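One chain, chain A, appears in both complexes that follow, with chain B as partner in the first and chain C in the second.
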Partner chain A sequence: DSHIQYERVGADVTMKCGSMDWDAAVTWTANGTDIDPSHLNGSYLILKNVDLTQSGQYSCYEGSSWRLKYQTYLRVGMPPKEPVLMCRSNNYPKGFYCSWHLPTPTYIPNFFNISVIHGTREMVCEKDAFPKNRCHIRYVQLFSTVKYKVTLTVTNALGKNSTTFTFDEFTIVKPDPPESVVAKPVPNNPRRLEVSWQNPSSWPDPESFPLKFFLRYRPLILDQWQHVELSDGTSHTITDAYAGKEYIIQVAAKDNDIGTWSDWSVAVHATPWTEEPKHLTTEAQITETTSASTSSFMPPPTTKICDKGAVVGSGAVAVCWTAGLVVAAYGVLFI
Partner chain B sequence: GDSWGIFTFLCAALCNLPALPALNCTEELGTSQSIQKTYDLTRYLEHQLRTLAGTYLNYLGPPFNEPDFNPPRLARAERVPSATVDLDLWRGLTDNARLAANYRAYSRLLCYLRALDGQEGTAELRHRLGHFCSSLQGLVLSIAGVMSSLGYPLPAGPAGPTTPPGTPVAPNDFLKKMDDFWLLKELQTWLWRSAKDFNRLKKKVPPAVVTLRLEARGF
Partner chain C sequence: MAAADGLPATLRRRDLCSRGIRLAGKMRSDVVDLLDTYVEWQGLDPSASVAAVEGVPVAAVEHWDEQTGTQRLLENLAAYRAFRALLTQMLEEQREQLDEADTALGRALAAVLLQVSAFAYHLEELLRLECRGPPSEEVAGPSPTAHLSLFERKLRGLGVLRELAQWAVRSARDLRQLAKPSPGSSLPPGPAESP
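Presenting the complex of A and B:
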C-alpha cells in the first residue's frame, strides 16, 4: 500500500520496508532508479539531511522475488512561517475582504483557516473562488466602535503558524483606483489638457459616500509631479502644461472623510495641442530645449522682448533667435 | 480652522441659548448652507478630537493609550449613545430621524464631556477640553438650526450643563477611566457617522439659488 510522508528540509529520514525484518535482503528505488546499497542500514533506507530534490516515490522490493513490499511518497518541505494578512474595504459600506499569503513557500500543501471576531460575535468570512487566498465579509452594522479581530491560521503536515490583525471599521477603507482615465488635448489651447475619469466600479454608493480625488501630472522629461486635490467632480482641466510636451497623468481616490487613498490609477499620456507646421518643428524643439536647460522652470520662450503676442508659435521663436544673434553680433563688434 | 468654533460659539451666545427658535444666524444662510456648515463643523471637530483624545488617553496612561487596546464593552458603557446602526436602517432614516439622532447624541455627549471637564488633569488638557466643548456646543446648535429651518421639532434634550441624572459614579478609578475611553471612542465614531449623515442630507435638500462657497477645507 502507498503512503505519503512529509519531512522537513535538513532532517534525517529512516524508511522501513513495511513489515520486513531488519536483516531482510531488499532493494530500494527512488522514482524507479535503484538506490545504492551504501544508503541502507540492513533493510532500512537512511536519507541524511534531506533536501527538496529528494522528494519522490520510494519503493522497496524483496531481494530475490522482486515483490513490492512497501511504497511511499516522500514530500520534503517546511513548516509555515508567519503568514502575511491584509484586510481592506474597497466597497464601503458593503463590507471588506481579507487576503493572505505565505512569505516563503513550504513546498507541501497548506491549509488556511480564517476567523473574524467582532466584539462577542464570530462572523463568517466567505472564501472567494478567485483569487484563492481571499475571503469577504458583509457588514451587518455600520459605524461600529468595536474593533474587528481577524486571525489567520496556516497548517501543514510539518507545523502551524498564525497571525492576527485587529482594526477599526474606518481604518481599512481604501477604494480601488479611478477607472477609465482619459486625457485629451484642448483644441487651440496649447497649455491645456482635459482629464476625466470614473469612480471605481467596486465603490457601491458614491451618492451617500462621495469620493474625492487626487490628480498628479508631469511632463515625461521632468521628475517632479504637480498635484491637484479635487473634492468633487470626475474631471479637471490642466491649464499650466508646457507646450508641446508629452505628459503623464494619474488619478487616485479616497472616501471624502475616512480611510486612505487608493493606489494610483493606470497612467495616461497626452500632449497639449500644438499648431506647429512640420518643417519648423525641429528648429522649435532645439530652441525650446536650449532655453529649458538653462532654466528648467521657465515657461516656454514666449515672454521674451520680441514676443509677437500670446501665441506660442515656433515662428515667433525662430525670429527671436535670429534677432538675438544679430544683436549679439553687433555687440561683439562694438566691444 | 479655529474660526469655525468661535463663529458658532458667538452665534450661540448672540442667539440666547437655549431658546432656539430665534436662530437668525442660520435662517439667513438658507438650509443648504446650514447643512454644509454643519458638515464642515463635524470635520473640524473630528480633527480637533484626534489631538484631544491623544492627549487625554496619554493622561489616562496605559493600557488606554495603546493603539490596539480593544476592551470588551461593559454594560454600564451603554449609557453613552452609540453611533452603531444597522446598514439598511441607516439608509432608510427620514431626514427628521437622521437629524434628531445626531442632535440627541451630541447633546448627551456634550453633557458627559462637560462632566469630564474641570476634574484632574493638566492645564493644557483642561484648556483643550474646554475649547472642544465650546465647539461641540456649536455643533448642537448648528444641527438645531437645520432642524428648525426644515420645520422639524427639536427632541427634548438635557436641560443644560449638568451631570445627566441617573449616571452611576464609577466605583473605582479603572472603571472611571474605561468610561472616559468609551466616551471618546463613541464621540469619534459619531463624528465619522455625522459626516456621512450630512452628506446624505446635502443631497436630499435642494440647494438655495445663491451658493456660498464656504472654504472650510485644509483643517
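Presenting the complex of A and C:
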C-alpha cells in the first residue's frame, strides 16, 4: 500500500516494510535508487535527522521475489510559524479584506481557517478565487465602536499556529493609490507643471466619502521632496518648479475623515515648458529663396516675420506687406 | 419655494449641508483631542474597552446607504440632543469631582458642548426646511449616575466621547448624502426655483 508520511526536519524516521518481519530480507529504494543497507535495522529503514532533500518516494521490496511490499511518499517539512495577517478596507464603506502569509515556508501543504467576530456576531469571510490567501467581508454595520476580531489558524500535518488581529472599523481604511496621474508642462510658463489624477477605481463612492490627496514632487537631480496636501479636486498646478529640470511626481489618497494614506501612485515625469530658440534668417537662406523664384515668381512666404501669433494690430500687417515687397524686388532683379 | 431668508429651498439645503459638514468635521477633530485630554485627566487606559453605555446614542447603523434623508436628520438630531444632555452632565460631574470650575478638561468639554448644541440647532434648521419641523425635545434627561462609582463614571464618560466621535463622522457622511440630488432622499422633488 502506498501513502504519504509527513515528518519534521531534523526528526529520526523509522519505516517498516509493511507486514514483513523484522528479520526479513528486503531492499529499500528512494526514488528508484537502492538505499545502502547501512541504513537498515533488520527490515526497517532508519533515516536520522532528515532534511528537505530526503523527501521522496520510498519503496520496500521482498528480498528474493522483488515484490513490492510497501511504498510511502515521505514529505519532510515544518510545522507552521505564526502567520502574518493584515486587514484593510480599500473600498469603504462596502467592506474589507484580510490577507495572510507564512513568514517561512513549511514545504508541506497548509490549510487556513479564518474567523471574523464583530461583537457577538460571527461574520463570514468569503475566500477570494485569487489570490488564494485572501478573503473579503461586506460591512453589515457602519460607524460602530465595537472592534472586529479576526483570527487566522493555519494547520498542517506537523502542527498548528494562529494569530489574532483586532481593529476598529476606521483604522483599516486605506484607499488604493490615485490612478491615471498625468503631469504636463504649461505653455509659456517655465516654472509650472499641471498635474491631474483620478480617484482609485476601487473607491466606490467618492461623492459621499470624498478623498483628500497628498502630492509630492522633486527634480530628478535632488533628493528632497516638496509636499502639498489638497483637500479637494483632482488636479494641482506646481508653480515653483525649476526651469528646464525634469521632475518626478507622485500622488497619494486618504479618506477625508478616517483611516490612513494610500501608497504612492506610480511616478510620472515631466519637464516645465522652455522657450524654443528663435530661428535667425541667414544670407544663404535668402539666396536660395530668390533663385528658386526666377522661373515662376511667387513672393516667398514670410511666416517668421508675419507669424499670425505674433501679429497684433494693423501696424504688424504693414510690416508684412513691406517685407513681401522687398523680397519681390529682389526677385525682379534676378529674372 | 423660498426659505425664510429668501434663498430657494434647494440652495438653502445645500448651504446648510455644506456648513454642517464643516461643523461636523471640526467637532470630530475637537472630540478626538478631548478624548486624549479626558483619558489623561481621568487616568484611564486609552485602549480600555467600554461596554455599551445606557442612554448613549449608538452611531452604528445597518443599511446606512438605504436611509432616507428624513431618517438621517431625525436620528442625528435625537443623538445630538442626547449628547447635549450627557455632556452637560459630564461637565457638572467633572466640576464636582475636582471642586473646580475652570480646568483644561472643563474648558474642552464646554467647547465641545457648544458645538454639539450648534449642530443640533443646525439639524433643526434642516428639518424645518423639509417642512416637517423638528420633533419636540423629550423631557427625560440622561440616566442618573449617582449610583455609579467614580471609576464607572469615568468609563461612562469615555464611552460617551467615543460614541460622539463616531457620530461626528457619521453626520458628515449623512449630510453629504443629503446634499446629493438623490433619488434616495425622502424630500419631495423641489419645485422650480423662484427667480
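Just so it is clear, the second predicted complex is superposed on the first by the 275 of 335 C-alpha atoms of A that agree within 3 Å, B and C clash if a C-alpha of one lies under 4 Å from a C-alpha of the other, contacts with A are read in each partner's own complex, and residues count from 1 in each chain.
Definition applied: contacts are C-beta pairs under 8 Å (C-beta built on N, C-alpha and C of every residue); 3 or more make two chains touch, one makes a residue touch a chain.
Please read all numbers here as calculations on a predicted model, not as lab measurements.
A.B. asks: Could you check whether chain B and chain C clash or fit when both are placed on chain A?
C.D. replies: In the superposition, chain B runs into chain C.
A.B. asks: Can you tell me whether chain B or chain C touches more residues on chain A?
C.D. replies: Between chain B and chain C, the winner on chain A residue contacts is B.
A.B. asks: Quick check on the superposed pair: does A:S231 touch chain B, chain C, both, or neither? Answer first, second, both or neither.
C.D. replies: First partner only, chain B.
A.B. asks: Counting only touches as set out at the top, which of chain B and chain C does A:V140 meet: first, second, both, neither?
C.D. replies: In the superposed model, A:V140 contacts both chain B and chain C.
A.B. asks: Would you check which partner chain A:T120 touches, where first means chain B only, second means chain C only, and both and neither mean what they say?
C.D. replies: Only chain B; A:T120 stays clear of chain C.
A.B. asks: After lining up the shared chain so the two structures overlap, which partner does A:K149 touch, if you call chain B first and chain C second: first, second, both or neither?
C.D. replies: So A:K149 only meets chain B here.
A.B. asks: For A:D257 in the superposed arrangement: first (chain B), second (chain C), both or neither?
C.D. replies: In the superposition, A:D257 touches chain B and chain C alike.
A.B. asks: Kindly list the residues of chain A that each of chain B and chain C touches, one partner per complex.
C.D. replies: Overlap of chain B and chain C footprints on chain A: residues 93, 140-147, 170, 207-210, 256-258.
A.B. asks: Contact residues on chain A for chain C in the complex?
C.D. replies: 93, 140-147, 170, 207-210, 256-258
A.B. asks: Which residues of chain A touch chain B once you look at their complex with the stated criterion?
C.D. replies: 93, 119-120, 139-147, 149, 166, 170, 207-210, 231, 256-258
A.B. asks: Across the complex, what residues on chain C touch chain A?
C.D. replies: Going through chain C, the ones touching chain A are 25, 28, 49, 58-62, 64-65, 162-163, 166-167, 169-170, 172-173, 176-177, 180.
A.B. asks: Which residues, counting only chain B, touch chain A once they are in their complex?
C.D. replies: 43, 46, 68, 70, 72-73, 82-87, 90-91, 182, 185-186, 189-190, 192-193, 195-196, 199-200, 203, 217
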